[in-house]
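Have a look at this one before I ask anything.
Per-chain numbering from 1; labels A, B and C assigned in written order.
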Amino acid sequence: MATVKLRSISKEFGASEVIRNLDLVVDHGEFVTLVGPSGCGKTTVLRMVAGLEVITSGHLYIGHVLANHIPPRDRGVSMVFQSYALFPHMTVSENIAFGLKIKKYARSEMLKRIDWALNLLNLQGLESRLPRDLSGGQRQRVAFARAVVVEPEVLLLDEPLSNLDATLRLKMRIELKRIHKKLGATIIYVTHDQIEAMSLSDRVAIMHEGKLAQVGTPKEVYNAPGNAFVAGFIGNPAMNFFNGKIVRRDGGLFVDLGKFELSIPESLCKKCQSHLAREVSLGIRPEHIYDKRASKIESLPGNTIEMVTDVVEPLGDRDIVQVNKDGIHVTLLLDPEIETKPNKPMTIVFDMARCHIFDKETEKSIICTPSHGKTLEEPLLSPLE
Amino acid sequence: MTAYSPNLPTVRNKGIMVAIRRNIFGMIILAPAVLYLSGFLLIILFKVVQLALTHTGPQGDLFPTAHHFLRLSNNPEFQGAFARTVWFTLIGTPLELIIGMAAAFLVVGEFKGRGVVRSLMILPLAIPSIVTAIMLYIIFDFPGGHVNDLLMGRHAFFPFQVISHPLNWRGSGFFSLMVAIFGKVWRDMPISMLIILAGLQAIGKDQYEAARTLGANALQTFFRITLPLLTPAMSTVLVLRSIEIWKEFIFPFILAGSYPLLATLIDRAYHEWRNPNEACAIALILLVLIIMSTALIFYVLKWLRRRLVRV
Amino acid sequence: MAEKKIGKGMTSIGLWIGGIRPTKVIWFAGIVMMLLMVLAPVFVMVKYSISDRSSVVTGGLPIPLWPYHPTVEQFQGLAAMDTFVVSAFTSVKVALLSAVISLVVGTPAAYALVRFRFRGMMVLATLLISARLFPDIVSVVPIVETFIRLRLVNTLLGVAMAHALLSMPYVIFIAMGVFETIPRDLDEQAQVLGASKWHSFTRVMLPVALPGLAAAAIYVFLLSWDEFILAYFLLAFGNVSTLPVLLQKVLSWTPQHNLLAAISVMLSAPVILFTFMVQKYMQTGATAGAVK
């Protein structure tokens, strides 16, 4: 298992810069997910680590070795492609054996390892099938087996679950977590699905337009998003954003949304001082807004607004409710026990202690300074070694 | 072990060396084909020019010299071949296009058994040219070939006497070359048909429907929509077929042996006159003709298309 | 799916042809005429090949449209005719050899042209493919003159090499089409698993491309099998002939129609057979570069 370090990595395709100055360290045995909307460059990063894409500038270390110029086959990485890329003319065991044969494993060792991989992924009995005779989930598992059987230093997974149906995806997610635990492998995982990212990884790296927006544990990126993009990307349904201005009233700070004012809790006031009278964006998650009838927190003038329900989407375990008034739309999650009907007035309570405030221009959070997970302070070897 | 060095030199990968390293394998496996084709073509071009411009006289080799070209231009056999080649091409090329279009229009619609008919239409492609030529040789035989029998009304199902005496097809320059053109067009019909068919199928249904809603009748639709949209396919047929017909060898060789075209004159110069230099001179003339006519067709089509678009 | 869409688009033309009664009659007559024209020479060939002598030499009577006494004696004669048997084998050997040369050289090139996209690659691909437009009749004398020096005249290898020159552009064109359909992922997966580029090409790409390449092989085999001009010039004064050259020789010795027809049938049969087997690829080859 190896540590992967990316140091100010950039990638240009012709004139366009797809990745700009990316820094990321993936510890050995760690499961890190690159997540972001399509076109953010996450797959390009993965392909650069695999060696399938030339790194325009920057340093890539796998283990303690500068890997920029090492061809894919000598990097000690394995990759599972979105398409699985099973060799259609080879049986399941031949597919799994492909890498072992090239690495010249002894025959007995090879058989042992194939058996191990077949067991690990519950593929017993399918050894002599061709890929075209397998179901989607089975193909997926063969692709995994083929990738892990060569004992890679790093396992790269490019949206491996995106071609599966919803139930199978859930099952494979658990499977994947199990495999990671068992192998203790370093895994870099690419997905556009934030739920997958949150549920699987030790740390999540959120990418936006070729840059890292934030890196952190799932809890960190959820609770303390460093900027508006991360705040909006993580969480489902997405965070509510309101444009406003920080104002001072009666000795306390408030966010002035035009028609309403919401009070900023004392704990955050100090951080907001600097933005007094400036345009900000107030963010609050749907799960932190309550109906007054069942509010977990006390309803006060500074956190309560009268609105009208618009749309109710019952999900069974909870309802997604849209309310609005005076051009302000709010999404909140409600307990289905509470009866909600469209076009009825509703009093909602904001849990302002859990709100986020972002600078309007830089979109950076005023109240959270994210730790970048692990930074690059540890020593790096010079490229000559 | 070197400690942390914060100012590592930036690794930039924009050099030509990186491009070469990434692509070296591609270049290596590409090389044999490039060498094979370009090697052959360069040798051929070099040899053609060299032989055509060299005259081995009593004083040794003379180079460069227009000797062979001058001699050829005074040779009535060459003059005849030149004239025949020109009209052979002028008749053959449009005919290839017209027959190809006719065939394409016949099979483009949906009808029962279209698959079978289309497959049968491809059949000429599957008959070697030499075989087709020899079959035409037999069919147009003199005095007792099928065509002569037919035209003299000797078959019960066609009792009309078009000619009173059997025609000696191979004895006349006009008839023998017409038979050769027939053979060439017959053999190439599927190719022209397929290209036109592809062109027709690229025209969307919408365009026809739009035209119809605008009140265009069938003929207008054909001339205003089908034909203009078909010009790319038609140009392809014209360019490719004209090259083919300029250089046609097998059909005139078998069917019009006494009335050579430039292509068959190369054979005569090489094998009968035992003069490779003159053979190459003819080949060079033919090559230049082909290039000029292709350029001309390109130019004319471009001009035509621009006019069509403006109207 | 695409086929269906095209078919639907066509109905409008179909209606244009079939909408009015008289047009439909003309259309039907046209189809019948075309088919008759297409089938006539083929019919004549088959008819003569099974004709007995009295159906060919009629002594002034019109030649019958069907032989008086159909017979296979021409084919039996061919089987016993040494020159025919030798020429047939020569043709097979030349065609195999030229197919091998053009595939071994052309397939890797096609793969490189599809997978390695450096600058000028498309131009190079276009140049390589359009080499087939170079007139064979222009190149034939220089080739013979060069091959005389290389002692390749009157040899199988010489003819095969010349045929490979003709067929390589087709191999490259067809093989490029085949490789383009194979996802890049397979290649990259093989490399990530430790395969060298050569290994990935020979162990992964080639086996996957095999069906398409087989069609290319058949196509260029046939191209050599019925090629006449180069074979005729290169074998003109030797003892070896390919079948097309033998056919021409027989014509100049004795224009005996039923013998000519029998050889023609033997020459055409494999072509007809394979053409319909790999019809799709034949059409691609025939219209190569035209539709693109």
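Please note the rule applied: a residue touches a chain if its C-beta (ideal position, glycine included) is under 8 Å from a C-beta of that chain, and two chains touch if they have at least 3 such contacts.
Bear in mind the structure is a predicted one, so any value in this text is a computation, not a measurement.
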Highest contact count belongs to chain pair B-C
Measuring from the mean of all protein Cα atoms shown, which chain centre lies nearest?
C
Indicate the whole-number Å distance between the mean C-alpha point of chain A and the mean C-alpha point of chain C.
56
Separation of mean Cα positions, chain B and chain A [Å, integer]:
60
Please compute the C-alpha centroid of chain B, do the same for chain C, then give the distance between them in whole Å.
16
Where chain C touches two or more other chains at once, by residue number:
none
Over in the complex, which chain C residues touch chain A? Could you list them?
183, 185-186, 188-196, 199, 204, 207-208, 210
Spell out the residues on chain B that touch chain C in their complex, using ranges where they run on.
19, 23, 25-27, 29-30, 32-34, 36-37, 40-41, 43-48, 51, 102-103, 105-111, 117, 119-132, 134-139, 141, 144-146, 149, 154-155, 186, 189-191, 194-195, 198, 200-201, 203-205, 208-209, 212, 218, 221-222, 226, 236-237, 240, 243, 246-247, 249-250, 254, 263, 266-267, 270-271, 276, 279-280, 283-284, 286-287, 290
Which residues of chain A touch chain C once you look at their complex with the stated criterion?
50-52, 71-75, 77-79, 81-83, 85, 87-89, 98-99, 102-103, 146, 150, 156
Under the definition above, what is the set of chain C residues touching chain B in their complex?
6-20, 27, 30-31, 34-35, 37-42, 44-45, 48, 58, 60, 62-63, 65, 105-106, 108-109, 111-113, 115-116, 118, 124, 128, 131, 133-146, 164-165, 168-169, 172, 197-198, 201, 225-226, 228-229, 233, 236, 244, 247-248, 251, 255, 257, 260-261, 264, 267-268, 271-272, 275-276, 279, 282-283, 286-287, 290-291
